[in-house]
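For reference, the structures are reproduced in the following blocks.
Presented sequentially are two complexes of subunit A, the first with subunit B as partner and the second with subunit C.
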Partner chain A sequence: MSETLFEKIWNSHVVVERENEPSLIYIDRHLIHEVTSPQAFDGLRANHRTVRRRDLTVATIDHNVPTTDRSLPMIDETSSIQIKTLEKNCKDFGIKLFGINDPNQGIVHVIGPQLGITLPGSTIVCGDSHTSTQGAFGAFAFGIGTSEVEHTLATQTLWLEKPKTFEILATGKRKNPFAVTSKDIILSIIKQIGTDGGTGHVLEYRGDAISDLSMEQRMTICNMSIEAGSRAGLIAPDEKTFDYLNNRKYTPKNYDELVDDWKNNLISDANSKFDKSFTIDVNKIEPQVSWGTNPAMVSDVTGKIPTPEEFGQNNEIQIESAKKALLYMDLKPDTPIVEISIDRVFIGSCTNARLEDLKDAAEIVKGKAINSNVCAMVVPGSQMVKLEAEKLGLDKIFKDANFEWRESGCSMCLGMNPDILKPGERCASTSNRNFEGRQGSGGRTHLVSPVMAAASAIAGHFVDVREWC
Partner chain B sequence: MKPFTKIISIITPFDNANVDTDQIIPKQFLKLITKSGFGKFLFYDWRFDHDGQKKSDFILNDPRYEDSQILVTNENFGCGSSREHAVWALKDFGFNVIISPSFADIFYSNCFKNGILPIILDIEKIKKLLQYADKIELDLASQKITFGDESIIFKIDSHRKIRLLEGLDDIDLTLKEDEKIEYFEKNSTIVSIFD
Partner chain C sequence: MIGNVIKYERDNIDTDVIIPGTYLKIHDYNELATHAMEGLDPEFPSKVKDGDFIVAGKNFGCGSSREHAPIALSTCGIKAVIAISFARIFYRNSVDGAFLLPIEVDDETYRKIANSDQLEINIEKNEIKNITKNETYAMKPFSEIIAKIIAAGGLFKYKK
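After this line comes the complex of A and B, so read on.
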């Protein structure tokens, strides 16, 4: 019988299956961070339980870490306690931790692939919704809550209802692949299918426009699958996938054998059926800028802020949401996107802080300086990305243009560390969520690609980066 | 977990769509390392002004709804971050039931782990419910909401229902399947990270 890629991964991980019940699914990789794990470890202690598979579990510290000089003591005591708690939990339960001063520290979804921990065909969980990033490698990777973190630690399994499948077919070729990025592709998709378009589904991105993308670009797409409400995003592995994971720190010893197996199995069969399907022609995509308070409120850079009625199209709920969003964002309908001035620029996050993102942004910035009204920062996704970028001299390009060059972490994507917007500040951000207050109470977030963020930092307002390259 | 019992309460009408977990519990409160005490931070930026004073026009600050255990809201509730703190905050604030036309997947699953019953109802039924200001009766065992002379039957996965009604611990139940987990481990290709 024909099966989709997701169904193949699911079927090969079923431990218990009974009619009309959730299935017990085996978990191959469990990644942990400091924010969603302390209560899970407390639960293990209270019930005298241990970690079932320490060899399938790793931890890092990313959400709370300061991105400034780490030799200095941490100012925020509660963050410090949370970090120390993870250090103690990892020590007590025998879990490998990439700690605050480890050269492999970084955003959990960045270091998984970078260390070769992420593997095609595997099931991967983390107490973080952007775990979907790792679906770019053909893994079923999804975010879970703290109770499920505890459940995975204790049993290496989870009870899951089988999600439905949703094909996203991306056809055509981007007209200017440097300026129109995978971030623009995924923002366009979310704009069209909505923030709950993928609820209950696993998205599989297919088509030539997806095969064309590098692994890092694919990760940006899968990363934001959760912003369309989906359980996970998935891309079938190919030679680019196998090359990317080769010779990493934790690449398995029998890697070649595994690759042979993956090549034969990890693809949706020709006649497989998806529960839903959506097609997008990337030829028509422009650079995207979000204007509202959810990731479906997005416009072409050459466009204008829509009226709530234009956005909502007879849907009262959407019209109301758009009115609230425009009020919060302090924007008026019909304003051209390129006339919106910005105060801050954030190039970072698990969406867009890998080496290619920084290289592309540096290409725009090179030899220029940021607008005097703008504060801008670059926060590499991991310490390894930072080191590689520095070897290429990217840090110098950014610093010469007056960007701040920081240590790695989640940083201003969600502002759990000191990197936050002040009330009313407007930020061009390469992150994934433009929710109210996400980057700081009262802060206003516009989601864009790294090259758009870089160009806007220089101009002081949004610009069509296609005119710059 | 305590078994889920019959609930008699007025509803809190909360007419917002796409409420994300960043709103339910803003990030500055995610640094606690316990599960308790999140209720006071629920919807913090919507409930309090910049000086920490309660905003009088926000529904959760309305004394009429103080004892309400049932939140009735709009589509795609709980979207965004997987933070279970959002559910802990709603529970700690006093909500045991959330009724909405749709929920985000992770939030929906997190509710059941903490004794909150999320009920999916179509918008027409919700509108009817919203018109009723007195106490309603919600019985999970019979899957029935009774208000005045009317009643609505709601759907729920039978296994989730039993777990809520009996207050069962998921991990205990899973450990009963230990032989099957061991069998899976022996007969599948599981690649250790540290080989």
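After this line comes the complex of A and C, so read on.
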């Protein structure tokens, strides 16, 4: 029988399956961070449980960490307590932790692949919705809540309802692959299928336009699957995948054998059927800029802010949502996107803070300086990314242009560490969510690619980055 | 289960407005609850009463996997969220920890229920009675799996 890639991964991880019951699924890798794990460890202690597979569990600290000088004491006491709690929990339960001063510290979804912890065909969970990032390696990787973190710690399994499958077929070639990035592809997809288009489904991104992407670009796509409502998105592994994972710190010793097995098995069969399908021609995609307060409120850079009626198309709630979004964003319909001025630029997050993202942004920035009205920062996704970037001299390019060059962490993506927007500040951000208050109470977020963020920092407003390269 | 409605006429009420990121450092549930819905309605914690229901549009709870979202609402006294649809992680978190009931209704029911209406939810009959308006609506039944987890009182109790 023909099966999709997702069905193959699912079937090879079923421990218990009964009719009208959830299936018990084996979990190959469990990643942990400081925010969604404390109550799970409390639960283990209260019930006298241990961690079932310490060897398959790794932790890092990313959400709370300041991105400034780490040798200074932390000012925020509650953040400090949360970090110390994870350190204690990892020590007590014997879990490997990439702590605050570890050279492998970084955003959990960035370090998983970099360390070779993420493997094709595996099941990966983390108490974080952007775990979907790791689906780029052909893994079933998804975010879970703290109750499920506890369940995974205790049993290395989870009770799950089998999701449906959704094919996203990306065809054609990007007209300017430097300026039209994988971020623009995924924003275009979300714009069209909506923030709940993928609910209850695992997305499988397929087609030449996906094969064409590097691993880091594929991660950006899978990362934002959750913004379309899907807990997981995946891409079949290929030579690029196998090359990327070769010789990483935790790459398995029998890697070549594994690769042979993956090549034969980890692909959707020719006649396999998806529950839903959507096709996008990337040839037609322009650089994208979000204008509203959810990731489907997105425009071409050559476009204008829509009227609520244009956006809502006779749907009252949608029209009302657009009105509220424009009020929050302080934007008027029919304003050209390129006329929107910005105060801040954030190049970072699990969506776009890998080496290629920083290289591309640096290419735009080189020899220029940011607009005097703009504050801009670059926050590498991990300490490894930071080190590699510094070896290439990217830090110097950014600093010479007056960007701040920071230590790795989630930073300004989510407003829970010192990197936040002030009320009313408008930010071009390479992160994943433009929700109200996401980057700090009253902050206004526009989601863009790293090259768009870099060019906007220099211009002081959004620009058609295709004209910059 | 009888309670009064706090209605938000919005789609995509995300976890960042239900409990903004800055409060995810808080370990104590009661303290967390003082910031519930702060991103959308800072008055919420003072107006919510034990047993109340939230009514909202499509894709409620989209965004982050933070279980703090259903916990904050539940600790405030919210017993159910009635919405046209839910984001799946929020839905699952609500049921796993037996924090609150995520109840799906159709567009028409969503429109008929008004702020402050008193409702009686009967999950055995898949029915919502609007006591204020003397109307009865159908709710979408829980899947068999979810119904079992709810009946057991959460994920861990379900498989004990």
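As a working rule, the second predicted complex is superposed on the first by the 469 of 469 C-alpha atoms of A that agree within 3 Å, B and C clash if a C-alpha of one lies under 4 Å from a C-alpha of the other, contacts with A are read in each partner's own complex, and residues count from 1 in each chain.
In the analysis below, a contact is a pair of C-beta atoms (placed from the backbone, for glycine too) under 8 Å apart; a residue touches a chain by one contact, two chains touch by 3 or more.
Everything numeric in this text was worked out from a predicted model, so none of it was measured.
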**OP:** In the superposition on subunit A, see if there is space for subunit B and subunit C together, and answer fit or clash.
**Re:** clash
**OP:** Determine, under the contact definition given at the top, whether A:252 touches first (subunit B), second (subunit C), both, or neither.
**Re:** first
**OP:** Check whether A:444 is in contact with subunit B, with subunit C, with both or with neither, and answer first, second, both or neither.
**Re:** neither
Original post:
Regarding the shared-chain residue A:82, is it in contact with subunit B (first), subunit C (second), both, or neither?
Top reply: both
Subject >> subunit B versus subunit C as contact partner of A:231, first or second or both or neither >> reply: both
**OP:** For A:29, select first, second, both or neither according to whether it touches subunit B, subunit C, the two together, or no partner.
**Re:** first
Original post:
First (subunit B), second (subunit C), both or neither: which does A:144 touch?
Top reply: both
Original post:
What is the contact status of A:12 with respect to subunit B (first) and subunit C (second): first, second, both, or neither?
Top reply: first
Original post:
Of subunit B and subunit C, which one contacts the greater number of residues in subunit A?
Top reply: B
Original post:
Between subunit B (first) and subunit C (second), which, if any, makes contact with A:109: first, second, both or neither?
Top reply: neither
**OP:** Starting from the residues of subunit A touching subunit B, keep only those that also touch subunit C in the other complex, and list them.
**Re:** 20-22, 35-36, 38-39, 63-64, 76, 78-79, 81-82, 85, 127-129, 143-148, 150-151, 159, 161, 195-196, 199-200, 226, 229, 231, 294, 317-318, 320-321, 414-416, 433, 435-438, 441
**OP:** Provide the residue numbers of subunit C that touch subunit A in the complex, in ascending order.
**Re:** 9-12, 14, 16-17, 20-22, 24-27, 39-40, 57-59, 62-67, 85, 87-89, 92-93, 96-97, 143-146, 148-149, 154-156, 158-159
**OP:** Could you please specify the touching residues of subunit A with respect to subunit C in the complex?
**Re:** 20-22, 35-36, 38-39, 63-64, 76, 78-79, 81-82, 85, 127-129, 143-148, 150-151, 159, 161, 195-196, 199-200, 226, 229, 231, 294, 317-318, 320-321, 324, 414-416, 420, 433, 435-438, 441
Subject >> Interfacial residue positions of subunit B with respect to subunit A in the complex >> reply: 17-18, 20, 22-23, 26-28, 30-35, 45, 50, 74-76, 79-85, 87, 102, 104-106, 109-110, 113-114, 157-159, 170-171, 174-175, 177, 180-181, 184-185, 188-195
**OP:** Would you tell me which residues of subunit A are touching subunit B in their complex?
**Re:** 12-13, 15-16, 20-22, 24, 26, 28-29, 35-36, 38-39, 42, 47, 49, 55-58, 63-64, 76, 78-79, 81-82, 85, 96, 117, 119, 122, 127-129, 143-148, 150-151, 154-157, 159, 161, 163, 195-196, 199-200, 226, 229-231, 250, 252-253, 258, 261, 294, 317-318, 320-321, 414-416, 423, 433, 435-438, 441-442
